[in-house]
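Listed below are the structures to be examined.
In the two assemblies presented below, chain A is common to both, partnered first by chain B and then by chain C.
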Partner chain A sequence: MTETLTLLTGGATVGAPRWLHPGAWWIWALGLGAAATRTTNPLLLGLIVAVATLVVSARRPQAQWAGAFGVFVRIALVVIVIRVVFAMLFGVRIGATELFALPTVGLPEWMAGVTLGGPVTAEMLYIAVIQGAQLATLLICVGAANSLASPVRLLKALPAGLYHVGVACVVALSLAPRIMVNVRRVMLARRMRGRPTRGLRAAAQAAVPVLESSLDDAINLAAAMDTRGYGRATATTARERALQATLVLAGLVGIALGLYAVLGASGWGWLLLGLGVVMAVAGIAVAGRRIPRTRYRPDPWGLPETLTAGSGVLAAIAVMVFATTSLTVPLSWPTLPPVAVAAILLAASPAVLTPSPPLPWRTS
Partner chain B sequence: MISFEDVSFTHDGAQSAILRDVDLTIPEGDLTLVIGRTGSGKSTFLNLINGLVPHFTGGTLRGRVTVAGMDTRTHPPRDLAGSVGTVGQSPRAGFTTDTVEDELAYTMESLGFAPDVMRRRVEETLDLLGLTTLRRRSLDTLSGGEQQRVAIGSALTAGPSVLVLDEPTSALDPAAAEEVLAAVHRLVHDLAITVVMAEHRLERVIEFADHVVRLDGPLRLEEPAQAMGGHGLQPPVVRLGHALGWDPVPLSVRSARRLAQDLRHSQPTAPARRPAGKQVADVMSATVRFGQITALADVGVRLNRGQITALMGRNGAGKSTLISLLTGSRRPQIGQARVGGTDPADLQGRQLLERIAYVPQDPTDLFYTDTVAQECADADADTGFPPGSAWNRLTALVETVDPRTHPRDLSAGQQLALALAIQLSAATDLILLDEPTRGLDYPGKAVFGQWLQDLADAGSSVLVATHDVELVAVIADRVIVLADGEVVTDTDVRSALTSSPTFAPQIHKVLAPLPVLTVEEACLL
Partner chain C sequence: MSQLHAVPLRARTLGALAGVSAVGVIAFFWPFVVAPTSIAADHATDAPWFFALLLPLVVAVLLAEVSGGGADAKGVAMLAVLAAVATAVRPLGAGVAGLEPMFVVLLLGGRALGPAFGFALGSLAMFTSALLTAGVGPWLPFQMMAAGWFAMAAGLLPQLRGRAEIAMLMAYGAVASLLYGFLMNLSFWPWALGQGSELSFVAGAPLAENLGRWVTFNIATSLGWDIPRAILTATLTLLAGPVLLRAVRRATRRAAFDVPVRFETVESVTSERA
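Entry: the complex of A and B
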């Protein structure tokens, strides 16, 4: 399937190969993801997944981290399965179309109100699948951003105040594949010492050298970064640091509460979210003043970036305005709201309207 | 430039100081070579200059180290970053970005250089180190020598006056090492950068040094010729000079050639190496692919009892893959591997231990317990040897090891020694070693080489993947050279090492065209 998609889009490029600004990919992906959280229409959700897959297959670079999309797709499928299983076991029994019945398990008195098992209806299953699919679609969109935008380039684009947190994340990301390599090496060494490589004991014994060598990797990296000037800060006063910490913390709490409220569609959520963003930005700006960091050849923000980010935002707005739905019983056939469909299809345009990523020249 | 004033340093929890009463000044614009036996504190000495000791490592520092006017006690590594560039033992482990250009700019970004200055410095560094064609390459796709040059470049862009290099060539094949050393040479000569370098492979670096600091010697700056007198750390050409009574002792192949003019006219009686015994392992037309990349293409190799075979070739030529076929950790997609008539992938437990011993590139993979003594005891239990066998082998290879030390706290060379001691304690048919001499000094290497020769004499078949031509010259009977996954040379050691300028050992370079490989053979002339 990816081959077909690449055939459809792979040849066309806009300008010479270059990295698209990672921020543009993230805005695009989060726009699509936001759209997915607002609609329960399976056709629209499917369309969003199709669009994300198309763009990934057309613009994914040849790099190790670009494999993230596949991982996220697998996690997304697991999410749907878990959602359905939980609904069958613990779900509220709604709807009249009974498909089959699970045996009911009697629970002790103090757990009254919780039912385990019972009849499974088509309505229940449908609602579970759609709710799972919403989350799955959001995950797939995040996966798309992860395999389109280089984490290291994203880090470069972050404001200086977030830099240290960002580095921690990127180091964690880059250590994950090294841990896998370490596991393979240690298991080989175990085998060659004539010890079993399967079973709980083997895993426990191997865990020590694996963790130790992964920790060594991290320490070596930290030492190298230290000798290269990472974390150098200009002198600051305790008051400045306290102000910055308060602003960032309050801002993050505000954003979290605001997002919760917005997703729950309360009116005051937007205000809280806005306030949180302002405080966090101010805190980050204060922190950024302490760090004398500059950027070497930052990724430019040009027309392709604006188009990409814009198409994602447009999809989010169109779905929110024209296609916000919730699940109701009895079920009805989903319809195709034309504006929302058009906006989501437009979000596929980065597959052709962005420059293709540079080739690594040789892979190993 | 760099001054040590009565410096002593003790690691946390250590009984005695690893460096004691260092009092010396390293002059500006020179290349100073730091040498010493395995575990003598070379890395500690280098890290005192960039501030990682004691700011990053902990421990107790007495005295004062001053670099470019800054006291390292009050300046952590990040503050010294503009004055001292550091390249660690494994450059790949220290990369923080994903392309060559970004890696070169990283230090400057951290130090807040203006964008136009960064742009200019990156271009200059690309030119200086010959990296222009690699600028947009992903760091994962570079060869070992290229990675090392990028690491040096990224340490240089911020314009430091001091460059600290910890074993810059020990992981590299001979050609890549030459490439890196040529770059370092140019930095010293054209940019007047003060270079402090630790290296075991003196045959590669001694001729470039202006001064030498011996950490287990007098701990002061010495002339290279003076430092090469009367102790164990001597490259082959210096040993030859001492053996033949040449004065002054030559440090480079070129000066030795001038002194050896008469010698080249003698008739050599090349001593025979060990004859091949019965076949013990066989790789039959094996092909291994990883996705698009062919790691081995139709490779056929037979290994015989009583012989030491050296497996050579550039980094990434397929050496480790070939070894993995013989350990049975991988089956080839086409062809097959046999050890003692069985597929090694089917062997397990003691059966496997009895036939194959394997020492991986990173010896710490083999350690599970938290003391050296326990590790040795476990090894004796695994192999059924009398208690103490592994420990005796260990102390034969490395002089001073505390049995209570955690295996990971040993120096790189000591770790290798322990891995060898516990792996070779089985009387095995086939002994596989992947880059075993990294971090070993000359005396350690001599003991190790003798040990392999004893094992071969006792009937084992030994396969050593290595970049160390001097080791190969002394111990090997046969050389297999891989290039791009194919066998390009498979012949006896003498014809292999005398026919290629890259793989020629120092003694052969001195005495060419005579087919002489080692100091001992040259002394028979």
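Entry: the complex of A and C
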């Protein structure tokens, strides 16, 4: 099996263990997720979940954040349960196949005059389960991206205009575990002095030394950053500043007005919205010109990245074109559209076509 | 006493804050204004995903504006450390969402360092705590927006000092954490229920009817969590607020945010002294 794959890929694409570009994982996952929003076919939804699970189990790195997948699967199951419970209590009574009846309770007029309970039909339950499963599949895809893509490497890919925010983010991410250790240390000291370690008052009193030491850290950190030239910005001309301000403000106004027009069903809303988005992106790009810096060892975007992202996008397109369905009453058996199935199966290829993540002692 | 601003509040920063907030208001409250013929009414369950992709862009625009427009290394360091504190104390909260201690940090940070810094702190703290727990999901952009508003408004409240300030912050903390829960419910209301249930919004229906459905949805889902959270936030603010606020203010005085930096030649300094 491995030999065949090596032959197929020419042995070049898999290569030595390295991190795949986090953006490729996110595009792949969002593509699969977008496919899930277009179809109500339980077979296709199940296939998408299986593909995501397969890739995660094959390419999940040994890192703390990689455990996210299980958490997202649990949230996804809760979403289905919530959907079903709400359908039974508040749902519109459709379909003829009555299974059982819940006692009805009328709520007062100020609570929208809702009636709780009533007969529960098989159609209602099926629709609730499928709609819940759509959301659940999407969440599982997002969970797959969470456990495959390294968050710190994602921050490295931020545009230059967000460089300072990215620095703040990386510092916060590396400081937070230390602060948690500080909290534990302060609590231990309190216990040794016979002070209470539980309850609100204890938490409030423990907060003081923790915050004081962290704020001291902040000032020392700022001094250290200043001496190393962080937070430095080059001088800009008045014209550049005016250009940036105009792009940002006009972009935001365009987005807001465009959204409002789209909600009001005006035709030109999308145009305005698109224009606003372009201007806002250009504003970030212009802001980046103030911050001169080079990227240290940027993550490469090679053939595996293109294949991964492409397989996700392909799955989304195939399902949108060949398998877009909506729920109808009376219910019918789901079929298997061959093109959509093939495209979703192709999205499992990153499980073998991508380099495996490095082992823990080689993580950056 | 005038307020200190870790990020200078210039007209363009205020304009960007207002623009981002306008987009945020639409992203949360669109079910109340959407026309029945609009594409968003047909795709009610997809619309929150669209906004979840749009909101990060506008928040990024604001963060680039705030951090590029006047925040120096001290501002970046203070932002990072307060976000780290908020991230670290998030797991200490009770309940599923567990946000009370984090809210107190955001409240005091926004209060002591100004509205623009507050917005950046709120959204960044939500982002880093999601990254640390690998909880990046469709809810995150809405959380970043709502937490940004939460901390921003704390900086916009009237400039009182002493006991009156703590009382005001307690009341604000309780009301705002309740509103935070309501807003988060609003963000996934069309998404979690779909259309066709008796609690789903009806595009084009009178405002009062949709409001009634939304309030009922709040009561049915999360009011049992939101009220204890509001009480806990107010209590924590009362217990820890005065000391922590003093600590943050002392640190900001040491960091000397508002002091302009001037570079002068040595001759001119000595000639001034002479």
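Keep in mind that, in the parts below, the second predicted complex is superposed on the first by the 224 of 364 C-alpha atoms of A that agree within 3 Å, B and C clash if a C-alpha of one lies under 4 Å from a C-alpha of the other, contacts with A are read in each partner's own complex, and residues count from 1 in each chain.
In this text, contacts are C-beta pairs under 8 Å (C-beta built on N, C-alpha and C of every residue); 3 or more make two chains touch, one makes a residue touch a chain.
As the structure is a computational prediction, the values presented were derived from the model and not from experiment.
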Partner chain in contact with A:A316 - chain B first, chain C second, else both or neither: neither
Partner chain(s) touched by A:L221 [first = chain B, second = chain C, both, neither]: both
First, second, both or neither for A:P360, with chain B first and chain C second: first
First (chain B), second (chain C), both or neither touched by A:A76: neither
Partner chain(s) touched by A:L47 [first = chain B, second = chain C, both, neither]: neither
Contacts of A:M88 with chain B and chain C, given as first, second, both or neither: neither
Partner chain in contact with A:R191 - chain B first, chain C second, else both or neither: first
Which of chain B and chain C A:S213 touches, first, second, both or neither: first
Partner contacting more residues of chain A (chain B vs chain C): C
Partner chain(s) touched by A:P292 [first = chain B, second = chain C, both, neither]: first
Doubly contacted chain A residues - partners chain C and chain B: 205, 208, 212, 216-217, 221-222, 225-226, 230-231
Contacting residues of chain A [partner chain B, same complex]: 63-64, 150, 152, 156, 185-186, 188-189, 191-196, 205-206, 208-209, 212-213, 216-217, 220-232, 292-297, 358, 360-364
Touch list for chain C against partner chain A, complex: 12, 15-16, 19-20, 22-23, 26-27, 30, 33-35, 37-40, 45-46, 49, 54, 57-58, 60-61, 63-65, 67-68, 71-85, 87-89, 91-92, 101, 120, 124-125, 127-129, 131-138, 191-194, 196-199, 209, 212-213, 215-216, 219-220, 232, 235-236, 239-240, 243-244, 247-248, 250-251, 254-255
Partner chain A, residues of chain B touching it in the complex: 50-52, 55-56, 76-82, 84-86, 88, 90, 93-98, 101-102, 105-115, 118-119, 122, 136-138, 140-141, 154-155, 158, 291-293, 316, 324, 327, 329, 348-350, 352-353, 356-358, 360, 362, 364-368, 379, 382, 408, 422-423
Residue numbers on chain A that touch chain C, as the complex places them: 37, 65-68, 71-72, 75, 79, 82-83, 86-87, 90-92, 94, 107, 110-115, 131, 135, 138-139, 142-143, 145-147, 151, 161-162, 164-165, 167-169, 171-173, 175-177, 179-180, 183, 200-201, 203-205, 207-208, 210-212, 214-219, 221-222, 225-226, 230-231, 233, 245, 248-249, 251-253, 255-256, 259-260, 262-265, 277, 280-281, 283-284, 287-288, 290-291
